[in-house]
């Protein structure tokens, strides 16, 4: 029997967490053959090379793409998209996938969508229909318009996709595979949990309260990153509890944020803040599950956070307009407002679990649909 | 006074006809500075290099982009998109435009949209909201989702754009600049009209009836081009009147069509068919204005054709679903059906003029809006 | 047993003829595994796609590279080199060859050399040490300086390579594989020899005398191509015998030459000249073996021509300084001088065979050396 | 008067030091117009963005190139070369330089040479003819074979270039502009010299003895970087004096070395070692002028080091075979041998100054030759 070849691209630590259970479910199905490709920041040591983690999880990597043009500014973000398209078209020509699946809304996601579209390969997409800030907002919807199969995470997202003119019969409400992982997370955090990941800064004691900070650049506000991160630094530093801080992703402006953090670290030598590059998906969930507050603008605070009921402070415009649970307090970039919001959340223990982004069986659903679906590449606006 | 820099990309002969009056209107406005860039097939001799025509029309070309990767297949179409993004991001970095305007729905159009989007340059788009076949259908709507300002050509297109979640206040019904040209076309065709353009084949006598054929590949049906063009050849060859045949554009599958045409030409040495690469926009309009029937799948038969009331036979799926006037008879790829439709149209003299795609002042409208508009790059789904 | 993987790139019709017997010999050796990749003009229909010919010859193609950026000018020649390097580095990463072999002196050859060098893959090179005009002269020697193993075709070339500072123990005088083919060529030309290849123009009668013309652009004289080809056209057209004319290769300026030829063809409709894209290597040899004179600037007139003793007229600077046999008369770009030289050669029947470029066992020699050699990538100037 | 446009690319901190006085001399000449372009690691913050330093030095930057593909492995080194060629060909098309000058032997240098060569722009080259290890050895000589004008730094290098077949009349012994800077260096080191540059680690007291370490990856030994740097770390750490350590350049393997250094820093928290990204050329000279020993494999120990008479320990193969003065002790990668050599050098105060690489007027010489020279692009092997 000829198996249907499903090619999936994992481009970052976040990507992997949001698709892992689908990868597992696809790998198990007899009718499907998984072609797992990793690229962009997922292959770079600077962002925590995922290669080993993915292999240890039992997946075979059939292709590796180096496509990030250094510079971390708007120009190189565009260039990286162009280079990724060139690389991916080679890859698809060799792999000849029956379906390509692309995750979320980043420039590598868009590059994947374009290469597949022009090569007449049916394109599946997760996380379509959601609303946020940053350039991701435009890119996400552009990818929806290039996609043949949609796997939205929420009811509202599904409705948005259909409103945008996609054929309802190709839109499947599956929830987000990240919730599958969140559901299974083992909350027990071991003593040497943190030492495994190295990083820089003083030791974090997992038996005592700690916060987690993760603040990415907002591409459409390029040039303000330094100012923005300094407000967050000031707020976090004013709260005197242990903090796990993750470096930002590879978007334009990442450099400014990293610089802000490095300068702060060298000059102030903060005694309660430890910096990490990357956690394995399950460990990241364990990390936030046990924290007292998530701070920054990561979608994980909203997505996995609402399911786990974790108090969170979202800063700035990056998640503006995103569907969310009760666990989030929104703040602007002002350090006083940020620290006030954090203090408020620290008084809370946990929020009630919400099922907005799925209830834990998304990966299975996605694999099942992919194995059954028979899709034409020619699309038509459905009004 | 600092003028607003409007960067516009002309990537093909069709592109130029559809934006020319806007270029003129922008050039005239004191508040605006036109940055005209040409690229893709517009700089290639094989498709009729537009450089001279554009300069003769009084425009200054500030940038030239070579981005077509040879091969004319789905893989090289993807690669060309990638290469164009890399080239354009350089260009935008140097030109620093205030607004980028991109025309229609081709891969160079998409490349322009992506480079501008990631570089935080507001993006304007013409021809959004229309419905067709081919990969252009997906790409057109994806570009809409990346665009900040929309200049749809028809009421229905405007409605579609708004339905897709664009903010109505950024959607301007301007009509298509190609209708501006069509309105002004001087119908008088001179004796040496055809000799100027060279081409290959027997002489065309402009005082006698002639047909015009223009059939492009359908990218989503890549591999069927030869079969499809042979049906058209058979049909056209069976009608014994003079024929002006234009070579296809640069899309995947163009090669197959060209091969079909060349083989036919070498073997059958048709006595009534002359092949041309390219006409100046105004001359192309004069050409179709005076012809007895347009055959193939060019959007000009639908767009300018409806305004000029020219009988036309549209073949296959490329224009499937496109809004159109009464002047079109649709046919599948069967030679008998095609020739039957042609014969039917040859009995018609002209159709009544229709104003679906504008009424002749689009260029002016676009320039005026561009000079007044003040736009933010951050978008948000408008539901 | 682990076989040594030899990756060889075939980038044009000429390339293939100059390496074919080596490919066969490598394929036969048990210790070697051939990884044949085709790219550049060898995959383009416009230049005569070699894919089918190569497969019919019994080779498996493991990779296909689209790297030609359209435009055929100095800028796109540079760009094509860059794109080829990007593509080839992907390929080498997947194929993991033990040795890469690159043929002659074109931009794809250089791209191959650079990708292999930076990826620490030992590089073998044929045709090093020869002297010519055009940019190929610089590029050929640059490739020598990147190569670890040298397979020069002539004694003088070998001496030149060693003089340039290469270690003599890595320089093997093997002769050129093209001579192997020339030695085995079956001179009998069948009646339908020409009809098989299509092309455009009047029929060629293989039983009557005919000339062969092949004139490529000289990149370092870019902009003079049209003037140069017109001189050749005038000269050839003045000699009233049948002529087989091959279209030029993909170098900068090719466009000008093609345009000159097409214009001549359309306007003058020459009754004795037929244009072809491509011949299979063996058929090309049969073609020149039976012709009365080779005209233009192809190295085949010098290389295979000297071995076969064919009268030839070399025009212009492209082969300037190249080692050659007695069969060549050199001419400048003046039509009178060209036609005088042709007439002189037409009086000659054949020249005596010369063994300058090998004696017919090069392919075998190359394969043997590749199977035995053990090479380090680190080089050192050998003075 | 039309000035001759000289386009020069500065791609790294080392590049800049080795060409700065030539830039100044060119800028002063009335007949010449300097077109200064920066790219590769010179525009990346991670390696110390040179933009500000260069502007402060009074130069206008006419182009900026982002061409580094992240990954720091052999594959991305090849890809970066390809991308740089694509970018540079755009730039040259816009700048239309009369001469391009490229410095030394890195992949950006090669990319520059290739773009200029194919675009028929005469190419000048500094540092040709020198002998070293690493892939730079092959690349340097390949660039010589593409260059039209040679500015070797030493007599031996000049002889090597001519031996390689270059025309002696295009080979000018100018010495290296880096020696011009070294000659003018003000040895006085101020109290806050180090604080200006930030970096990480304990304070360096410039009034007390300190060593300088700079160890780059050896591309042809990719994969051994970690092992190699650990030997150096061990040796340096065993010598208990203050140490200024500079991060490695962007070559394949840089990542391994940085990782080794970061790990060492985090775990051992060395009390005498401070890490820096970058010094201005003059400050770097001041730094080494005042140090007790240079350790690693930087060419500056050999080049400027011999002129300044600074004791140095060269480790490994990167400088293997390079012409050098008496100030160098060579060591393999063994920590014991390294520390033995360091101790030996620490007993030495200074070596006698040597003029191998120039005597301080190279920049002026280069500018003068460029203003007078009239060069053809067509080359020919000169044997």
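Structure notes:
All chains are identified by letter, namely A, B, C and D, in their written order; residue positions are counted from 1 within each chain.
To be clear about the criterion, contacts are C-beta pairs under 8 Å (C-beta built on N, C-alpha and C of every residue); 3 or more make two chains touch, one makes a residue touch a chain.
Please read all numbers here as calculations on a predicted model, not as lab measurements.
Ranking every chain by how far its Cα centroid lies from the centroid of subunit A, the top place goes to C.
Across the two interfaces under comparison, A-B and B-D, the one joined by more C-beta contacts turns out to be A-B. Averaged C-alpha coordinates give centres for subunit A and subunit B that are 39 Å from one another. Subunit D has its Cα centroid 51 Å from the Cα centroid of subunit B. Each of residues 75, 79, 83, 86, 90, 93 in subunit D touches at least two other chains. Partner subunit A is touched in their complex by these residues of subunit B: 74-75, 77-79, 81-86, 88-90, 92-93, 107, 110-111, 114-115, 117-120, 131, 133-135, 137-139, 141-146, 160, 163-165, 219-220, 222, 252, 317, 320-321, 377-381, 383. Only residues 43-46, 66-71, 73, 75-76, 79, 83, 198, 200, 255, 259, 266 of subunit A touch subunit D when the two sit together in their complex.
Subunit A contributes residues 63-64, 83, 86-87, 90-91, 93-94 to its touches with subunit C in the complex.
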